[in-house]
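Consider the two complexes below, in which subunit A is the common component and subunit B and subunit C are the respective partners.
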Partner chain A sequence: MADNKQVVADIDRSLYDFKDIENEKDFYRMEEGLTKETVLKVSEEKNDPEWMRDFRLQCLEHYENIKMPNWGPSIEGLDMARISSYVRHKSDMKGKWEDVPEEIKNTFEKLGIPQAERESLAGVGAQYDSELVYHNVKDEVAAQGVIYTDLESALHGEYADMIKEHFMKLVPPTDHKFAALHGAVWSGGSFVYVPKGVKVDIPLQSYFRLNAAGAGQFEHTLIIVDEGADLHFIEGCSAPKYNVANLHAGCVELYVGKNARLRYSTIENWSKNMYNLNTKRAVVEEGGIMEWVSGSFGSHTSYLYPMTILKGDGSKMEFTGITFAGKGQNLDTGAKVVHIGERTSSVISTKSISKDGGIGTYRSSVTIQKTAKKAKASVSCDSLMLDSISRADTIPAMDIRTNDADVGHEAKIGRISDEAVFYLMSRGITEEDAKAMIVSGFANPVSKELPLEYAVEMNNLIKLEMSGH
Partner chain B sequence: MSEQSLLQVRDLSVSIDNELPILNRINLDIKPGETHVLMGPNGAGKSTLGFTLMGNPHYVVTEGNIIFEGQDITDLSSDKRAKAGMFLSFQNPYEVPGISLSSFIRNAYHAQTGAPVKLLAFQKSLKAAMEILSMDESYADRDLNVGFSGGEKKKAEILQLLMLSPKFAILDETDSGLDVDAVRTVSKGVEEYQKKKDGALLIITHSTKILESLHVDYTHVLVKGNIVHTGDGSLVDEINEHGFERFI
Partner chain C sequence: MNTDLNMKVNVLPVFTYNFLHVNDSAINASDIEIEKLSSPKPKEVPQGVSLKSEVSFEEAGQIFRDNKERILSSTGVPGEPNGDTSARDKEQALRTGMGIDVDNLMNSLGVKADVYTVEEGVKVEKPIILSYDMQDGDGALSAHVIHARKNSEVTIIMDITSDNEAKGFLGLSTRILAEEGAKVTVVRSQLLGKEFVHFDDLGGACFEKGAIRVISLELGGKNVWTGCYTNLSEKESDFTSDMGYLRRGDHSLDINYVADHRGKKTNANMQFKGVLMEEAQKTLRFTIDFKNGSSGSAGDEQEDTLLLSQDVINRTMPIILCQEEDVDGRHGATIGQLGEDLLFYMQSRGIDEEEAKRIMIKARLESVARMIPDPELMQRVHYYIQNIV
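And now, the complex of A and B:
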């Protein structure tokens, strides 16, 4: 366990912000901007089946017709004409770590990915810019019939029909502008299928690294957990800091079968020039359970509201999230849930921390449809502001269409108290550490939901943010 | 006993937000191992003195000095005073969610000594200290002071005193709001501290129960920000009987 900790205990900002020296000739980089030609080029690069190519073009049309969102943080700094939607290393995806190109391997080594795989994961996918560079699943997990692969090869394999049936059905490209954009230029990501009744004991993980400046990352994650199956999937994201805007518009679609359970954990630490406009959605069948654990630390601007559709009777969801908005950051995060089935239940609990002028907005929506008899929903959001120049807003919406729903809502906004800081300092703890302890304590309900290594990483991220680097 | 002072307070005046001073030219001289008692009517400035000695930035020293082991600490931050060997048992300890009592003490211990904390040895001595204070072991894993009763909060303060074993401790109304048994338990803890460490104490109190098992060297009476009288231990009993009337 001590060794385990060592992996993440060393974390400092340089771990995320280091820029790898990319040898340009080793990379293929699409010209900036978004046109029919660029979309067709991505499609060709990816050797799409015909339906996918047509789908991309449809998405482009939607993209052109849908307006920019005007209800959230400003995304004026994002100019699609300056974003390259596709960057890849000229080598293919590898199934063996040794075969991954040296400079990319170094990046992931620094992030601790291969070590984490050896120690505590059932399988790992690593995406660098637009393409997966490495994918591997432990033999015993593969033997259970679990499929964990990149989406592109799945499109041509045994599960092609399953993908066609599910791809962007939960998040249709008409949903919003960036869903349409995603559909047009998506690349990379993972496909996971857990067959009926299979319980995967240790987590699978995907790690997304956007290394190129002025680029977009549009990975697609499609997870299908069949009846009675059980999976924990972990997603990690990071990028070095550049002074031009980068864009992340990923899409996550999760299908949770009857009496199945899926836990989806994310620690996102994008650099502070990133526009993170990510869409995540899950649909849960009868008796199924969807659990989200979500940590948002990085990015310049985020729009992130993982949504759960509780379709089957007795289905459940639990969302635990934390957002830390520091200097120059405007993070608009929360969760959505739609109750359709009877006796469905949802618990949303979030923590938001803002510091040095950062803006943290909690935005949620709970809908209980007429069919959702005896539904239960509880929302609680706590915000902590660390100084007087930071901001915390809470925008919870509820739409209840039944008369027997059990609904609870609780919101708290507070400041870090000087007296509490003095109390800790009077025991010999420095001011900086005292504040970090109070903030870590505030975040504790979230970190205890994470696997140990990630909880340690999250606490390190908090310390890092607190020290103001 | 060494004649060298541990804590010297010289002509100390204190105010908040540039208002009139709450404390006027206070002088104190505390030697290692001594027990001083500070008594006075409500609002006299007793807690202010405790906070000021410990370096709460809310209280501004307008004149005078605080000297600890020969070093002028008037401008030192609170954490540095703790590292130098000072301690304050709070009248109203803060609740800090998400940090357990034991990990808080461990963090504080580490911050003060700089040495790595040996987990097993630490747990053993924590358990022993909790036994002295009749604290249920489960409190070690509970969030710091969160949902503790008044009595458990005070015991948790004395637990920190025992674990951190400072050279000098201020106890700010550690006995207030406690029932007879709890006062006895807490004072057993204080006695243990003094026995183990030959620690010096400044006890701010309204009652005499916490003092029963301690030898009091000096008693100071604080009225309206001034120390109006200093006597020996017998002064405690006198005040207990007659109140502060003759000092006002």
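And now, the complex of A and C:
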């Protein structure tokens, strides 16, 4: 019987695993380790305003005082003394694709980024190691008053006060150790502002590539969608694999205004030496809608739980996520939501696939505060085990502090059902195709939420090869 | 003797976010007067059952230490989940829901345990009833070991009561070994006074086709902790639990139930039905843990909680840990007030909202109370519920 067992292939990462050698002539690389001097050096490199330099130093203090988390995957393999916090190409950020340095351009060409921009995006930002190397937004979108720029430029431009008002206010550096680390050495990332009533019909996208070995990427994404506005923002991440640990401790802060809508889609395919300790958080005002679509495929170790604060009455949140944990991966993912406003609603729906010794953990929290009268929350998490050397854990939590709320929760863990395979085979479908159909069907609720080109990418990522007899 | 309680109990099998404050619970009380250190005796010990009294807590646990390798055996290669806390209770003779601090308290105060042994093949028809008739000001600790040999059957009822106004402290420990084909049922009816501090710790291990069933009603007491950890060590072993609870005033209930699936084709079913009123608080942690090697096993954990006040706090942690492909694990939770559809239906039948609430409270609690195998106690619980609603 063992010979008949279906084999689900691991994700093919060769598309992302090419390496570009970074030489000293073209690249600046800060020495490994985290000290006051390195933080000041990053601040100097980035020409920070004074308040930001002081903020970085405060964050370093928090980082040194906050303990490592006691609850998630082990991060013992991560040694900050061996991580370089800042690596950049010596050229400046470009607004024209032709001007981007050849070796970096080649990297993004291979990943299909400029093609995607031409075909289906309103604007693109591309970050290579610690700095944005390219940023562009279509004229017609810019004409609507939409701001899409790198965060450093925004810090010195007309939106400086807006940045200061919002930067790390949703995710304070005291939140956890890696939020503090992010605050100390953040670099790169995007600032988006969508003015009142403006609906951006096609998505904006940022793509993050960490090419340097033994380096950290700490980009900060700040998006403000003003009253009645509408935006879809896509984030993609990848890196080649090295034998040393890399670190991604980014931070995403999203402000969704009254009756506004923001969809934030992520396809994360970091390499398997990456520690992905990323923090994402959104606050939603009255009548606003926050939608998360999240695919986690890469990384050695992940801590990723996008959080939504439903502050305004009638605000809504939807989280749709899939995690594929393969060999050597420990992916601890999920979502958090806090209901504060009346008639707020949240729907969390996740799928997790574990195979080849991978560890997939779904972790969540739903908090319904006393003020959240008539709140509704629904959580559904399904896990599929593809063998018995893997692990699929489900660790949800609910904290409900009013009776005037409806909370439902359901979860299932299982394998591919023999009965379903038998049924499909009785309809003339081969066993391999039947199993492939079942796994595709399992992932379908997530892939249908993605833009077409990303759905195709995701389907490629979980391309399932069956071997029969 | 007066003692200070400073215990960390009901530790989750895996830690999660600290901001939720659910990773464990603390029992802190100073200057508690604990006079009784032994357990009440049944009116009669049935034939085929032997009772060994006044055994030290440590010595009573020897049966579990002797079988520890077997209890913790596995045909697979168990690995650790993220945030694993199992090392904490490793030194326990038998892992329990509330954990090692209960053992330490029992040992440090010299609690004497009663050991019930049911002989091979003996099926005890009448339940063994232990009556905890607590008085105002009482402080007591009590420990039992129930050892059901091969193919035996026994039911133990713990009838825990006091006057409604009574104040005091009662701590219980029950450890169970169900050998091959043995069936042990533990019924706990807790109707303590509204100023009582109470904990009830349970640990169990089942060999092949062994079964443990726990029926609990947590209706009284001020601050109550309860935990249950069952090792389903060998194939086709079974754990079933039904709990009904009611919390009123500023009372709290803190629960930690774990089904540890090690053997093949093991089964666990945990059902919790409860009502929270006024400013009551409840934390429910329940875990199904499919260890590697537990193929063919199934686990189901369900919660149905009715919230009847704006000031209640309800925390629920329904966990499934899984390191085995061929298992079926599921959990579900329904938490909230009476649905509008149900209220509409009731009102269309001439039942007003208050009466509808009373009916739904009774329905939840009495569905568990009906499982009590002693008619007299069942009737008393029935009256108790009637009085409350």
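FYI, the second predicted complex is superposed on the first by the 430 of 469 C-alpha atoms of A that agree within 3 Å, B and C clash if a C-alpha of one lies under 4 Å from a C-alpha of the other, contacts with A are read in each partner's own complex, and residues count from 1 in each chain.
Keep this in mind: contacts are C-beta pairs under 8 Å (C-beta built on N, C-alpha and C of every residue); 3 or more make two chains touch, one makes a residue touch a chain.
Bear in mind that the values here come from a model prediction, so they are computed numbers and not experimental data.
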(message) Applying the document's definition of touch, where does A:Arg401 land relative to subunit B and subunit C: first, second, both, or neither?
(response) second
(request) Give the label of whichever partner, subunit B or subunit C, reaches more residues of subunit A. (result) C
(message) Taking the superposition on A as described, I'd like to know which of subunit B and subunit C A:Asn330 touches: first, second, both or neither.
(response) second
(message) Give the list of subunit B residues in touch with subunit A in this complex.
(response) 54-58, 77-79, 81-83, 87-88, 90, 93-94, 96-99, 104, 107-108, 111-112, 143-144, 160, 164
(message) Which stretch or stretches of subunit C touch subunit A in the complex?
(response) 14-18, 20, 22-23, 76, 79, 81-83, 276, 290, 292, 295, 307-337, 339
(request) Would you mind writing out the residues of subunit A in touch with subunit B in their complex? (result) 417-420, 422-431, 433-434, 437-438, 440-445
(request) Spell out the part of subunit A that touches subunit C in their complex, as residue ranges. (result) 70-74, 330, 332, 336, 359, 361, 363, 365, 370, 383, 385-415
